[in-house]
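Each of the next two complexes has chain A plus one other chain: chain B in the first, chain C in the second.
Right after this comes the complex of A and B.
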């Protein structure tokens, strides 16, 4: 009897220890550090400094991530919609084969690729000039907030599109045929019949995508390190240049708060969906 | 508004190299109720989907009121379909489901509301307009699906086994309701089913399909009483098959006496379309279990064929007894009012007018009995 009570604990212990040591402890530590000064006294000066220096960057981060999330959602629905409703088998097969590739490319590599692609004399502009679509004098680099958004969307789109296309594929096809039969065109079917039925999956994909993008450091650093920039860059800067863990952790706390709102949406959906992820 | 005329000319459909429909010709007059009847895989659902535009055709034409619509996409054909799974939109209420087709036709909101109320009343769904369709029972969902299709006043109503998911009692009720509605509204209806009785009760015309072709079409009584082939006879319920020998005699066919059967004379008038009165050779005789009578194993009248057999199995399905009677190596099913013991020697008396005779081409003893279709994959 005694053995059967200990055994489950033994089995769960490695996972529990890993989570406690590598996740709960550092998280708790950084949260606490955000509220104490170097002498160990409780204070809000870290937050005051974070807002004083980086209010613009916080807003910039939020706008970039929100815009990227919105674009990811829009394009994921378009891809999923074409995969589900497309009538050209060759085009559907080509899209199905192509759209997942960025999933396998790390953020840092994606950012590096985008640097060479989006720069003033990058591959994109050179190609446009070579095709005669752009005058060499008119070329402009996109290595600023636009580059960050493009990279985020390029990298996160396959993940959300994968979830959304999967949900669309598992819909009862006859619900789509019934709408067509009554006279609905394909764009209308996508918006009025398909999308409402996969709304929850899309929301989950976007929340997870939002949280992932909030935590990326390589992309803003490599695409556009100049001000304004994202708060992950500011955190790295405070630590690397000043050893200022207090302000960095205050920025971290703000980032938790932002992702916390997204997580709240996710959990709320999880509860209403009967605990499914 | 009267329904539209539908004409199908030399229609062929294939999935890859497999031909599913092999030259279908069918003319449906306005306001008719036609049932496409056949076993699983015979092509009846494919034919319906080709008419609605969900399956592209490889040859032939589909004409509505004389106009070729073969190349039109499903949303431009003006037909309304009721699906086997109902295909209701789970994120909409009953009223939204019924009114969707009207919304697509840009009807004003008040007019949609009026029409939806009208449909709800007609289909006895009053008060359920605001309920989500996921909260409705099977029978109610079926009515919503029908209401959604009828709301747009379609010229042609396509019904893809719409009753197969209902329980038996509700199914009988809904059969009559659909038929009555179709007659009242004068819509042309094409109904796919594997259920013979359902087709007989609902349709003005039955089209029996087999292996991508029309095996026979005609009024229900015609197809039931005068099947043109052994397949149709078997599918229409004449599932008992015995092998006999026939030769011309007088104005009909004489059936020779065999080791287990008496001889009999079949008048030319009693011969169905499946056999020539001048035919000589082996024949397959199909008959229904309720056509035969059980009695003493003695030779009866000239217009009655008698089979000598032995009761092999007995059951009571209700109202009468059902016996499997062994006749030589064969077994035939016969319904009779009296109780008999297993092993008892009996005579199976068959009025020759109830025999459906077909030349025996040696391909086999009997067509496969019709199986109820559980699920359709297409």
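Right after this comes the complex of A and C.
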């Protein structure tokens, strides 16, 4: 039976080697580079420089992504909840058809859409003025941190909502019906009965979304050119203008650290669900 | 509330969602067909296809980028499936030590913010002469697509009824033959789904290409970005519309591709 023990490893090896060589190795390289200077000595000067120049941007990044994640979570639960508990079939069908459109739209395209839509004289303000909801003198562009948050939520919400709605759809309906028969309102059923059962799926979706937003370069550049900006832009700037890998990797390390807590949730879920064949 | 009256709040909320979802897309479409559009005009002053001709002129930048993007995406799918189908089969059917860890390894590219990693891949590729080459970009996209390739094909193989394989084996088929004639065809829809994911992921990828592809590889997303930063909104909008087509098509059919029995086994 010696062959059958080697065969699985042979089949997995090419894929595994690819990940190790082209992701894990550069990741390790980035971690090490963050802590050494140009001469190769261990140092914290990269971090000192990163905080000196970019402390505001680090905070800005964290606030934007945390806010976007919270909004995505809230809206995804609202959408999933309505799709599960909604009583009007036509409205449920309409929402189901509507919410998914941005699902696979690339970030660059989403950013280009928003860049024109949210501008001071973009279609959004123009429509609101035309409907009489906004005074032409009051229009303001949203192309700053708000634009980044709006773009992130627009793009990431369908993904998380799809996961959450899927998890809600596969729930056992009897507890929901029982609560309904006892007179519980729909918001209460959603928060007290449905949400606890899909919590894990929601968290997984939010963490994946958090990591994705932490890696996006195009949206902050295209939506808001001003300072403060997100650390992805700073990393690209350090590389393109100074070839400064030390500071860029220190910022990279900070981006891993910021997602560390989020990833921890994810890995925990992966291990608890991944052990079974 | 009377049923008819309930449509008032419902209609307002649905209307707002329509505005939020389609407003940005409508703005993009307007820019794609606007020949002149300047303040204070709320809508384009003149419409036309002049910029479409400019974008799609023979041997123009856009067609070249589109071709580059498609070549990269197809190569990524081939590379990804070539290594993830065997891995998926082994993970679904065979005994592997540290199976959970191996599954998680493929998730790593999605579990870490990838920009800092791309910077270092670009640095390593520079030494290997892979920077600015199609091959370099394909490698980067392949790593990022592996989680779809491996996880979905593992789920697809796990969803195939083991008794069918045993039946093939019991009438004398070799392990390889039963795999090729029974298991693989049955898992094919799931593997196709993973191929579409990998294709889209590669077609839409920006950050990795931005660092590894410079200066010679310009994919459609990079062309779009450059046009937008330069203020050529028509060119940017037209390229964006081209990128939208596969994304929207796949969004509309994704559930037909990923059957519930396969979905239930993803990540398991």
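Following the convention adopted for this analysis, the second predicted complex is superposed on the first by the 262 of 277 C-alpha atoms of A that agree within 3 Å, B and C clash if a C-alpha of one lies under 4 Å from a C-alpha of the other, contacts with A are read in each partner's own complex, and residues count from 1 in each chain.
Rule of thumb we're sticking to: a residue touches a chain if its C-beta (ideal position, glycine included) is under 8 Å from a C-beta of that chain, and two chains touch if they have at least 3 such contacts.
Remember, it's a predicted structure, so these values are computed and weren't measured experimentally.
Chemist: Taking the superposition as given, does A:95 touch the first partner, chain B, the second, chain C, both, or neither?
Modeler: second
Chemist: Identify the partner contact of A:183: answer first if only chain B is touched, second if only chain C is, both if each is, neither if none is.
Modeler: In the superposition, A:183 contacts chain B only.
Chemist: Based on the superposed arrangement, let me know which partner A:191 touches: chain B (first), chain C (second), both, or neither?
Modeler: So A:191 meets neither chain B nor chain C here.
Chemist: Regarding the shared-chain residue A:253, is it in contact with chain B (first), chain C (second), both, or neither?
Modeler: In the superposition, A:253 touches chain C alone.
Chemist: Based on the superposed arrangement, let me know which partner A:66 touches: chain B (first), chain C (second), both, or neither?
Modeler: neither
Chemist: Identify the partner contact of A:115: answer first if only chain B is touched, second if only chain C is, both if each is, neither if none is.
Modeler: second
Chemist: On the superposed three-chain arrangement, identify whether chain B or chain C touches more chain A residues.
Modeler: Ranking chain B and chain C by residues of chain A touched puts C first.
Chemist: Which of the two partners, first being chain B and second being chain C, lies in contact with A:48: first, second, both, or neither?
Modeler: It touches nothing on chain B or chain C.
Chemist: Which residues, counting only chain A, touch chain B once they are in their complex?
Modeler: 172, 174-175, 177-185, 188, 193, 196-197
Chemist: For chain A, which residues count as touching chain C in their complex?
Modeler: Residues in contact with chain C: 4-5, 7-9, 11-12, 14-16, 18-20, 22-27, 29-30, 33, 88, 91, 94-95, 98-117, 121-124, 126-127, 129-130, 154, 166, 208, 211-212, 214-218, 221-222, 232, 235-236, 239, 245, 248-249, 251-253, 255-256, 259, 263, 266-267, 270-271, 273-277.
Chemist: Under the definition above, what is the set of chain B residues touching chain A in their complex?
Modeler: Checking each residue of chain B against chain A gives 52, 54, 73-76, 78-81, 83-85, 87-91, 100-101, 104-105, 148-149, 152.
Chemist: Over in the complex, which chain C residues touch chain A? Could you list them?
Modeler: Where chain C meets chain A, its residues are 6, 10, 14, 17-28, 30-31, 39-40, 42-43, 82-84, 86-87, 89-92, 94-96, 99-100, 102-117, 119-121, 123-124, 139-140, 142-143, 146, 149-150, 158, 200, 203-204, 206-207, 210-211, 221, 224-225, 228-229, 233, 236-237, 240, 243-244, 246-248, 250-251, 254, 263, 267-268.
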